[in-house]
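We just call them A, B, C and D in the order they show up, numbering each chain from 1.
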Amino acid sequence: MRRLRMGMIGGGPGAFIGPVHRIAAELDREIELVAGAFSSNAGRSSDAGKSYCIDPTRAYPDVSTMLSAEAARGDGMDFVTIASPNDHHLAAARAALGAGIPVLSDKPATATLSEARELAAIVARSAVPYGLTYTYSGYPLVREARARIAAGDLGIIRKVVVEYQQGWLAHDAAGKQAEWRLDPARAGEGGAIADIGVHAFHLAEFVTGRRVTQLLADLAAVVPGRSLDDDCQVLLRFDNGARGVLIASQIALGERNGLRLRVYGDRGALNWQQESPNVLVLHHLDGRTELIQAGDTALSDDARRASRTPGGHPEGYLEAFANLYRDFARQLRGEAGSLVPGIDDGLRGMAFIHLAVTTSRDRAGWTQFEV
Amino acid sequence: MRRLRMGMIGGGPGAFIGPVHRIAAELDREIELVAGAFSSNAGRSSDAGKSYCIDPTRAYPDVSTMLSAEAARGDGMDFVTIASPNDHHLAAARAALGAGIPVLSDKPATATLSEARELAAIVARSAVPYGLTYTYSGYPLVREARARIAAGDLGIIRKVVVEYQQGWLAHDAAGKQAEWRLDPARAGEGGAIADIGVHAFHLAEFVTGRRVTQLLADLAAVVPGRSLDDDCQVLLRFDNGARGVLIASQIALGERNGLRLRVYGDRGALNWQQESPNVLVLHHLDGRTELIQAGDTALSDDARRASRTPGGHPEGYLEAFANLYRDFARQLRGEAGSLVPGIDDGLRGMAFIHLAVTTSRDRAGWTQFEV
Amino acid sequence: MRRLRMGMIGGGPGAFIGPVHRIAAELDREIELVAGAFSSNAGRSSDAGKSYCIDPTRAYPDVSTMLSAEAARGDGMDFVTIASPNDHHLAAARAALGAGIPVLSDKPATATLSEARELAAIVARSAVPYGLTYTYSGYPLVREARARIAAGDLGIIRKVVVEYQQGWLAHDAAGKQAEWRLDPARAGEGGAIADIGVHAFHLAEFVTGRRVTQLLADLAAVVPGRSLDDDCQVLLRFDNGARGVLIASQIALGERNGLRLRVYGDRGALNWQQESPNVLVLHHLDGRTELIQAGDTALSDDARRASRTPGGHPEGYLEAFANLYRDFARQLRGEAGSLVPGIDDGLRGMAFIHLAVTTSRDRAGWTQFEV
Amino acid sequence: MRRLRMGMIGGGPGAFIGPVHRIAAELDREIELVAGAFSSNAGRSSDAGKSYCIDPTRAYPDVSTMLSAEAARGDGMDFVTIASPNDHHLAAARAALGAGIPVLSDKPATATLSEARELAAIVARSAVPYGLTYTYSGYPLVREARARIAAGDLGIIRKVVVEYQQGWLAHDAAGKQAEWRLDPARAGEGGAIADIGVHAFHLAEFVTGRRVTQLLADLAAVVPGRSLDDDCQVLLRFDNGARGVLIASQIALGERNGLRLRVYGDRGALNWQQESPNVLVLHHLDGRTELIQAGDTALSDDARRASRTPGGHPEGYLEAFANLYRDFARQLRGEAGSLVPGIDDGLRGMAFIHLAVTTSRDRAGWTQFEV
C-alpha cells in the first residue's frame, strides 16, 4: 500500500481551511500533499507551497497548469481537494473530473443550485469519484447516532432539532474569513445558510437517514448593511412525516461553533453536540438515559473505525475531518465502508440553500423540497 | 405581621399541582392554607381537606359555599388560589373577584381567549388583585436574566430561542394528569401549546421585556388519535424587530421538563436551563463567558430576594413557585417589588395559544399578534 | 393524623440554619413550629418568635422554661429541634431528653467526643427518639445510591473519594456565620473538619454501608491567625478493606458547596454532586454509563419517597432537609422507613473529628478508628 | 525550512502509543517519520515499517543498526523518539545521545530512579537535546492555566487537587497494553503510579510552577494477584507550603482517562479536566466564575500558539501531543518558546515514583522529596 498523492486547489495564505485539509488528509499517513494551485496569484501559490513544505516546482499558478503538469509526471497526484471559495468550486471540479482526477471538495458543492446541477451531470458522465467534506459527518459519535437509527433503536423518527450557532459575525468583522463570506459575488446567494446552515441540513439527513420534503424558511440579514443572511430559522418536514426545526446563525453572540442535533423517535431519542463531540446522550423508551462515549466497546463498526485513540483521549474536529479523507482514500482504493458524502448530498445542499433563500425572500410559506 | 389565609379551588386528590401550590404558598410562613373547595365532588373535597390537615369544616363542596362561609368568619380567607383544570378558571376567578377576594391562579388564565377577555374585563372592573403563576418567572436566575437585560447588559435583543421539551406524552399515557390535558372539552383549544408552550412564551417576554408582535405557528398532533397538538414549532417577531423560535413538545421522548431560554443581544447573550436553574451563562461582547450562580454576591436585588439559601445550596421548582406566592403576599400587603404576572400576561398567553392553534390549522403563515 | 408540634432551640436572628430548619420541618405540613428558645437572650428569642409568626407567649428565654411551659400545655410541643452552635448541643439535648421530649439535632452531635459519649449514654438510657440532621442524606439520589449499593449493583466497594469544598473562608470573613465557626470555644476542636468534613464522612458511610476503620489525617489552618483547621485531607480504610480519600476545605476559593461523592466497586461505580443533586451517574461493569435522574420510574422506594415533584422539576437542599424531618415524624408516629441518622452516627462523626484533629496534630500516621 | 526527519524506537505492531507518536510528530508537517527500530524482533520491525509506509530499508532490527545506518545517509534522521516500554528507555536514550542524536522520549524517563540519575548524567555530559512527552502539558488550556498562575492571577497557591482516574484495569485485562504495565520486570517498580500518577505529578508542578518537597503515599494493589500498585493516594507539600492531594487509580471502574486538576490560590482558582480539554474554569477573588475556552482571543501566547483551529472546533489528545513535537522541533531549530519537559522533569518523575512506592511499602509517613 502506498500513500495517495493529493493536489490542493485553493487553501493558500490566510485561508483557515487549507491547512485543515492538509492536516486531515495526512493524519493517517494514507495520503500526502504533493502539489497545489493554492491561489490564482502565482506568487501566493508559491508561498503557500513553501508553507506546506512541498516541492517548489509543484506549487502551480493555476488549476489547468497543475492538471497537465501532474499528468505528465510518473508520480503525479492521485486526486485533488478543493478548498477555494464557493464560486471557484464548479470550475475546479469540472477541470479535474474532465482530466480524470477524482475530487474531494469542500462544501457547499458550488456557489449556486444551477451550478450544482451542472456539476451533478458532469460527475454522472465522468464516472470519476467525487466526494464532499461535510466535516461533521466524520465524527465517530455522529456515525454512531446514524448507525443506531439505522438499526431501529429510535423507532420511527418524529422530530429533529438541529442548530448551528456562531457569534463571530455578530458585528462587522474584518479579515479574509469574513470578507468573502459576506460578498454575494463570491459566497453565492446564501450567507449563514450556505456557510453553516447547509452543514446542519446535511447532518440531519445523514444521521436520520430521512430526506427533507418541505421547508418553510425565515432568513434575515440582522447586522445592518449586509446583503446576505446572517440568521436563519427554517421549519422542516421529512419524507416520513417527521417534523423539524433548523436554526443557523452567525450573530449568536458568544457561541463558538454550536452545531447541535437532537432526534426524537417513538422508541428513543438522542442528543449530540459538536463542541463536546465524544459524548452522545441516548434516551430509551423505558426511561433510561445513557451516555455513549467515543471509545466505548459497544459502539458500531462505523463509529469504532472512526476513532484512533482509546476512550477518554479526546479526538476532535481535525480527526473528524481526517475520517472523511480516510474514507475517500478507501473509496479510491476500491474498498468498502466509505461514508463520504457525494454529489447527491451536494445537490441537495444547494437546493436547500436556494429554496431557503428564495422562499424566505418571497415569504412563500411551506414549499416543496425539490432538487 | 400575620400570616395570610389562603383558600384553594381545585387541587384535590390525584392532582399534581394542588400540593405544589400548598407547599409554595406556605414555604415562607407568610401564608397558610385554611380552606378549600378542592373538588366539585363533596366527598373528595373533604378527603383533600384531611390530606392537607385543615379544619374539616373548611373543606367545602363548591366555590360559592366556600366564599360565603369564609366571608362569614372573622378569620376568613384573605385570598384564593385556583388550581383546577383550565375550563374552571374563569368561573372560579369571577366568583372570587366578585366577592372581593383576590385571586392567584394557575396558568393559563382561562380555557379560551374569549374567556380571557371576559376575565380581563372583570379584573379591571373589580380592582381586586389578580395574579398568575407562571412558575418559571419565580426562579432567581430568571429574574437575574431579566434584570441584566433591563440594565442593558445585552444591548439590543436580536434573537430569542426558547424551548420547552417534554417526553411524557410520547405515547398514550394513563392517569389523571394526561387525561384532562388531552381532552379539548377540559383543556381548551390547545394541547402542548397551552400546557407548556405558553410558559415558554411568557418566559421569553418576561426576561427580554419585549413583546411578540407576529408569529408563524406549526403545530401538530403527532401521536395518532389525538385532537390537540402535542408538538409545536413557532417562529416569532418581537416589537423591536428581534427574531425568535419557540419549540414546545410533549412527545420529545427522554426529555423531562426541558424549558430552556437563550437570548442573544448585540452586546451580550445569555443561556438558562430550568433543569439546572442555579446557573446562568452570560456571554460578553469582549468574548468572556461567565457563569452566574444563585447566591452570588453580585446578583441583582430581584434575584437575591428570590433565594433563601447561600450559593451552592440548590433551590428548585418549589422555591421558584414560592417566590410567586411571596410576591403576591407582598402585593396584598401593599408592598412594592412584586414580579407576579397579572391578567395582561394571562391575556397575552391566551392570545398566543389561540393564534398558534388557529393560524397553524389554517396554515395562515405570518400573523399579527393581537390581544 | 394531626401535625406534630415542634419547638426550636437556637436558630434566632442572624442564624442561617434556623429558618432552614423551620422550612424543612413544615414543608410537608406534617410538622408545625409552635415554640422556641431561639436565643439565650430573651429579647432576641422574642424577636425570633415574631419573625417566625408564632404565638408570642411561646418564644421562651431559655430551654428549661420552654420545656416546663410546654409540658404544662395540652397542646405542648411534641419534639424539639436543636439549631444552636455546637457547644450548646449537649445541654439542650440532655434537657429535652430528660423531659421525655424527642430531639432532632443539627450536626455535629456535640462539641467534643467526650460530650458525644455522654449524650450517647443519655439517649440509650432515656429511650427517647434522637435524630441528627446530616442534611445530605436526605437527597433522593443519595438514597438511590445507597439503595443500589445495598442491592449489590456496585459489587464489592473498593474505593471512595468524597470531598466537600467551600471557599467562603478563603479569607477572613465577617458575620455571625464565620465567627462562631472559627472560635474553638464555641465550635469545638474542629474547624472545617467539624463543619463540613463530618458531612462528607457521614455521606461516605451512609451511602456505602461500610464503616471507616482507620484514618490518616492531614489538617491545617491555612489562613494566618486561625487556630482551627480550614483545610483537611484524610486517607481512609473501610471495614471491607476499601480505600478512601476525604477532602474538606473552606479555603477552596470559588467553590460554593462542593460536596461530591464517588464510589468505585468491582461491578459498578457512581458519582453524585450536591450542586447538581438530581443526577446520579452510574457506571456499569459492561462499560455502559447511565444518568439516573430524580423522578425516574425505576428508582428505589427510598428515592421515590423522597421526591415531591415529577422528574425535571428540580428539588434541592430544602427538600432534602425536609426529608429528614418527614422521616423523623414517621419515626415519632411509629412508622417504618425512616432513614434519619441517629446517635450512633453522631458518635462516629465526633470520633472522626476528634481523631482527625488529634492525629493530624500529632502526625500520628495511620490510626485505628474507634468510637 | 525543511521537515525534520524522525526515527522511532519501539512503537511496533499492537502498540497504542507508536501510532500516536507518529501522528503527533507529523501533524504540523514540520517532522516526518523516516526510520524506525520498532521492535526487537526484526520481522515485527519490518512489518511496522510497512504499516507506517516508510522506506522498507529504514525499518531496522535494532537501535544500534538504525543509528549507524542513518548516520551513514546524507538524509539520515535528525532525532529519535522513544516509544518502547519503560525498561528500554535508558538503553535507547543512551545509545542515541551517545551518537549525538537528540531524543524525545515517552514518559516515564526510565524504569527506575537510579536509571534516571544515570540518564540525567548522560544528558548533561552529551549536551544533546533531550525531551520528554508528558502529553498533557501540550494542551492549550493547560498552558493557559500555567500562564495565568505565572502571571499571578491566582495569587499564592494554597491547595492542589490532581487526580488521574482510569478503570480499564479494574479487572484482569488481556492484551499487550495491560501485560507489560503489570509486569515489574518491564514496567519498573511502579504500576499505576508510574503509568499515570507521574502524569498527574508533572501536571501539578508544570501548571503551578511549584515543586513538591514532601509526600505521604498510600499505594495498593487492589486486584488480587498483582504485584504492582493499581490504586494510589498521595498527600503532597509544595515548596511554598501549599498542600496537595494526588489520586491515581486504574481500578476506578467506569473512568476512561480522568485526569483532572484543581488549583486554589488566595486570589483565584482554576479547574481543568482532560476529557473536556477545551474549557478552563477560572474563579476570581470577587466571586466571578469564568469559562475560558480554547480559541478565545484573550488567551496567553503559550495557549494561542498551541491551537490550530478557531474556538469551538475541538482539538484533543493528538493535537496536545503534537504540540510537544512542534516545541521539540523548535528547540532543535534553535527557536525560543518550547515548553517540552526535559530530563529534570524526568528525574523528578522517577523520584516521585520511587518515593511513592517505597515509602508506601514501608508506611514511612511524610517523607522529604529529594531527587
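The rule is simple: contacts are C-beta pairs under 8 Å (C-beta built on N, C-alpha and C of every residue); 3 or more make two chains touch, one makes a residue touch a chain.
These numbers were taken from a predicted model, which means no experiment stands behind them.
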Q) Starting at chain A, how many touch steps does it take at minimum to reach chain C? A) 1
Q) More C-beta contacts across A-B or across B-D? A) A-B
Q) Any idea how many Å lie between the Cα centroids of chain A and chain D? A) 35
**Q.** Separation of chain A from chain B, taking each centre as the mean of its C-alpha atoms, in whole Å
**A.** 43
Q) Roughly how far is chain B from chain D, going centre to centre by Cα mean, in whole Å? A) 55
Q: Would you mind listing the residues of chain C that make contact with two or more other chains?
A: 255, 289, 293
Q. Chain B touches which residues of chain A in the complex?
A. 158-159, 161, 163, 167, 170-171, 216, 218, 220, 222, 231, 233, 235, 243, 245, 247, 249, 251-255, 262, 264-269, 283-285, 289, 363, 365-366
Q | Footprint of chain A on chain D - complex, ascending | A | 1-3, 16, 19-20, 22-23, 26-30, 33, 50, 52-53, 166, 168, 255-258, 274-278, 293, 295, 308-319
Q) Quick one: in the complex, what on chain D touches chain B? A) 281, 286-293, 296-298
